[in-house]
């Protein structure tokens, strides 16, 4: 019985955290957030050098061979630092190939994804909030035509894993004929989204069964992890502000009403840490529980993140509502985490099917 | 334009408030609440002497000829004082006859109800929460058989106005053959409820159209009024407690967290006063709006009362949870107001039909 | 209880209508002026007719009418319907003019009030500073007398309208030896001078409603002071005696709710109309309860004014109640947006208006409802006011100490 | 991360199981004893076998086992499954015995600890008084030395188990000249004597969990004091080093939620199964998120214990988190009761247990969830603790002053 992180896992979080402290300090983050550039290649390359390109890629293909729990710990740290970049889509693309690809597909793509020679992403969402395998209608049969929404960093990706009717997955090279991307004006300026229109683009199906639902469950857990990291940061920022801001000659943390609001915020966030761990853990070790727990974790944590981001704005007073205050960066990241792959209410309904 | 009380209305509230201060002070109320007696005739007679038996009975039949707004102001005052007794059922029975009875029925019953020579009540609820005219299934055709739930003070009533299939109303004398009452163990010990089983009891239909829905709308408004009075009292009790109870050498009202909780309680209650007035006002003056506003007011105010009663328990600390603390009397009154004539969610759905 | 306005006001309404029919919109050459100029031309006539600047004496450019909140309400309704310019909104008419009228010298009233009530002169308010939010006693902007001029240095924040304002009324520490509130004076400052640097504060939704104002050796004549030296704190608290628009706020909240209803009727949730979803319907109906209560509270407050009574507890609750309602409206709307809830907000300059029409507008409201909660006193300050002034609970210890 | 207990504990579990198979339930003549006596007989054997009183030295009637929270958890699970008596619950084993072991004289430990861990001696706690809730420094019960006896006068409140307790450990002001905390002593008092009047406090749900204890010239020997005179405040804060049951609380919350699910499956709302109502389903699923989070927090806390680490922030949140969850569960249940929500609650003595089976039980829980919120520190006190000890925010001014 040990429901806690291993030394290696703690080290992994420290390493990523240290990298962000150096390479994504508040000024750097702010510059990236305000920039019109939608991809920061040097920063992404730094993450690749840390090995974040192939966390869940088997060692034989040049990856770290880790599990979702490890990837979730990284995602939490990235969320805490609001790290810009294509980690989410890239990680899910690699996972899809690792779990559903043929040997040839694995050999062709996994090493490149792990080394960052190729950037991957996933195209899942369709009109009307159809995010999940049993909802997809796009047909992929040798070639693919149709529209996918909200594809992370599609404009700079090399490889797109596309969800298709019947719950299948297919590989499409972004440079192929018949692939066009268009930028969304998303609120979250750390993770840019594009729509992708396929017009008879060549595609190659992943033969493995069940890879699509594994991909989605993993995505839900990674979003929950990002949300936990972001929500924790919102609490920290608000507590720090209460320690520093003065009114009536004392720091505002002296005011009981604010103190209780901060306590309530912490109470919304901290107990959810174990839920996140558990959802990742069962994905790795008890897949029969995975669908349900991924849904519960995504719904719960992304809702908490959004709520606590609102609270953080209020806890900062007027300054919290300004562009220059960093709280907004996490507020908008919460908007992404909450909607991407489907709303909390949709996932609560999915969890309820298990009652 | 005048959206406020007239001098007469203010006087009416004062008069009833003064009566309660004298005849239902905390000790008297406590004795009635703890008593096993389910009806306090002398106290009810006092209310009758004030004219509360026939508030909405036309003057030609010995009543005060007032409107629902006036009756609601009385109900508010009774709710504020947690006045025990059969005011609600009696008032609704009289209203039903006044608005739907034949001349003969009016002559036979209204004077007696106004003078308190007869005590009236209404039998509306049926199995499965069927409280409203379009839900009633009990057949009344010369005689009536079947079961009605949650009839206020049925065991001591002389006259029961019974809701019947098709949205009709019928008069049954409680002393008739085939009428049996059985006491409920209700939480609210200020307004006792009985079930009434009819077994071929003689009944007489009220011929007037629409009287049943008027009766129900009026009932919803009176419940909302009771709830407003009770909720206001919960806020007052909590504020008084905060002014008197000391901790760490100061009254607990000095603690900002509690101060804000009390402010939030007041904010839940005070703005609803106008909603209550408005719902009563349109019943009297703009009946086309009445169904909707009665539903909105009942749902909103009885929910607020229940919530604020819970808050009041918390605001009183440990003592608030004891039997000896008066807060429980209003807490249980809130339970009655919230469920009687149907839950807030049912009435919200009814209000939504008007969107 | 009577919600009609009665025959007297029906007659008055007809008068207002015929005035408007005759005078708005402007005709001929006048209609070629800029909109601001047209508004001024029109207001001059409306003041003459007694419809605007009603509480301002004729001597200072007003129409000096007897206070009548119901007439004021009729005027607002009819001017609104005709889309005719009403009294200029904002801090000049709401705060500066009443303060000058009560506390200013005659020459000050003559100089500034007429232009203010006409809308020729725009003001901004220099109260808040970066280091002092609700705690004005700690403000640091200082003014020193240099001959017959004040020289002012410091920084103000949350200054709406500073970009376009002609003048600022500015709380300034002029008596450094006096303690806290006692050392503050109420100075008037020409905004169009070197030394004043206005920097818009961009909001999280992309708009810019507020500004920072940096003042570096800014100058103003020594007699551009309202009240005596060191009395600025008192002057700034001059009670406002204008005809408050208590039901305008409620009308806006109701309009927002109606917009939400429209959204709920159009939106789909999990492939079905959102309005058929019981959870959504219950949330909507719960909000409706608050909206109706708020609307009726507006009627109550108007009635209190008509009767010349204090509004009491309900009068202290207006802002927090509407803030709470608007937050619930925007949260439910956000849940109805589906994937559009990831979009960049439509960053308008306005903090809050009528209900948005598109998704980006609702995302904007989702953020703006927080800004409104903060602007002009956070929710916590509102709760202090309700608890202390409304319920008679003791004042906060630290605020008390700092007095 | 590994949620299995591992082979070592599987073996241990088998040992516990065979012990239980052999020793519980009691057989033959022993099975004819009262249940309390059977429990004592059984505990004696379980202590001998090393399964109960694990942190208590053998010298004082315990089994003196090395601390092993996982073994403790296995024992709780297996004893629970076999419905065998575990360590006596309540204040005697949780507070008095550890305090005596750390602070008491040898003769005190010998006299009271063995009977307490066996369940022969029952205790109640005399801390709270009517005038002092969270502010123990203000307590008024006083003790004066009269020869070799203390004479105690005063009133205690919220005293669970006072009706059946043999002794009370009682904070008593013995040094009236010393200020606040410094004048308090920790006295042990025989409850079975004249001068002690125990009055049950009836709760709003009809049950009686707490009592008032009136003490009128109550006497206790002068050496029935733990620690020195005036040290009672310190003694009462002796850290508890027992093997905490961090996941027991989570298991109870999960059981409540399962009961709520059962209720929702049976209940009808507006003529349809409640579970088909989207609003109800969303509320249920939202609660499920908190319940699962709480359950996993239990695993985390157990792991911290196993590793010998401090639990930190999560350790401070247990009570408030479970209180909040139980309130949400009881509110949703209340909404599912329909007209039964008007019924009188089933006023059990227990504050909170497994999920109720009938409507009256749920009404009871609707009230009891408030009592739990209050018992042992209100929600506001919990928030102070999280804010101050967890987030490092400053202490409340008045509490600070009163130190």
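By written order: A, B, C and D. Residues from 1 in each chain.
Everything below uses one rule, namely that a contact is a pair of C-beta atoms (placed from the backbone, for glycine too) under 8 Å apart; a residue touches a chain by one contact, two chains touch by 3 or more.
Because the structure is a prediction, the values reported are computed rather than measured.
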More C-beta contacts across A-C or across B-C? B-C
Average the CA atoms of each chain to get its centre, and name the chain whose centre is farthest from that of subunit B. A
So how far apart, in whole Å, are subunit B and subunit D when each is placed at the average of its C-alpha atoms? 42
Taking the mean of the C-alpha atoms as each chain's centre, how many Å separate subunit A from subunit B? 54
Considering subunit C alone, which of its residues make contact with at least two other chains? 278-279, 281-282, 380, 383, 396-398
What positions in subunit B touch 2 or more of the other chains? 250, 254-257, 259-260, 345, 349
Inside the complex, what are the residues of subunit B that reach subunit C? 1-6, 69, 235, 239, 242-243, 250-251, 253-254, 256, 259-260, 262-264, 266-267, 270-275, 277-278, 281, 293, 296, 299-300, 303, 345, 348-349, 351-352, 355
Per the touch rule above, subunit B residues touching subunit A in the complex are 255-257, 259-260
Touching subunit B in the complex: which residues of subunit C? 1-6, 9, 70, 73, 261, 265, 275, 278, 281-282, 284-286, 288-290, 292-297, 299-300, 302-304, 306-307, 313-314, 317, 320-321, 324, 380, 382-384, 386-388, 390-394, 396-397
Which of the residues in subunit D come into contact with subunit C in the complex? 277-283, 397-398
Going by the contact rule at the top, pick out the subunit D residues touching subunit B in the complex. 128, 131-135, 137-138, 157-158, 201-204, 206, 210, 268-271, 279, 335, 338-339, 341-345, 363, 367, 370-371, 373-375, 378-380, 383, 396, 398-399, 401-402
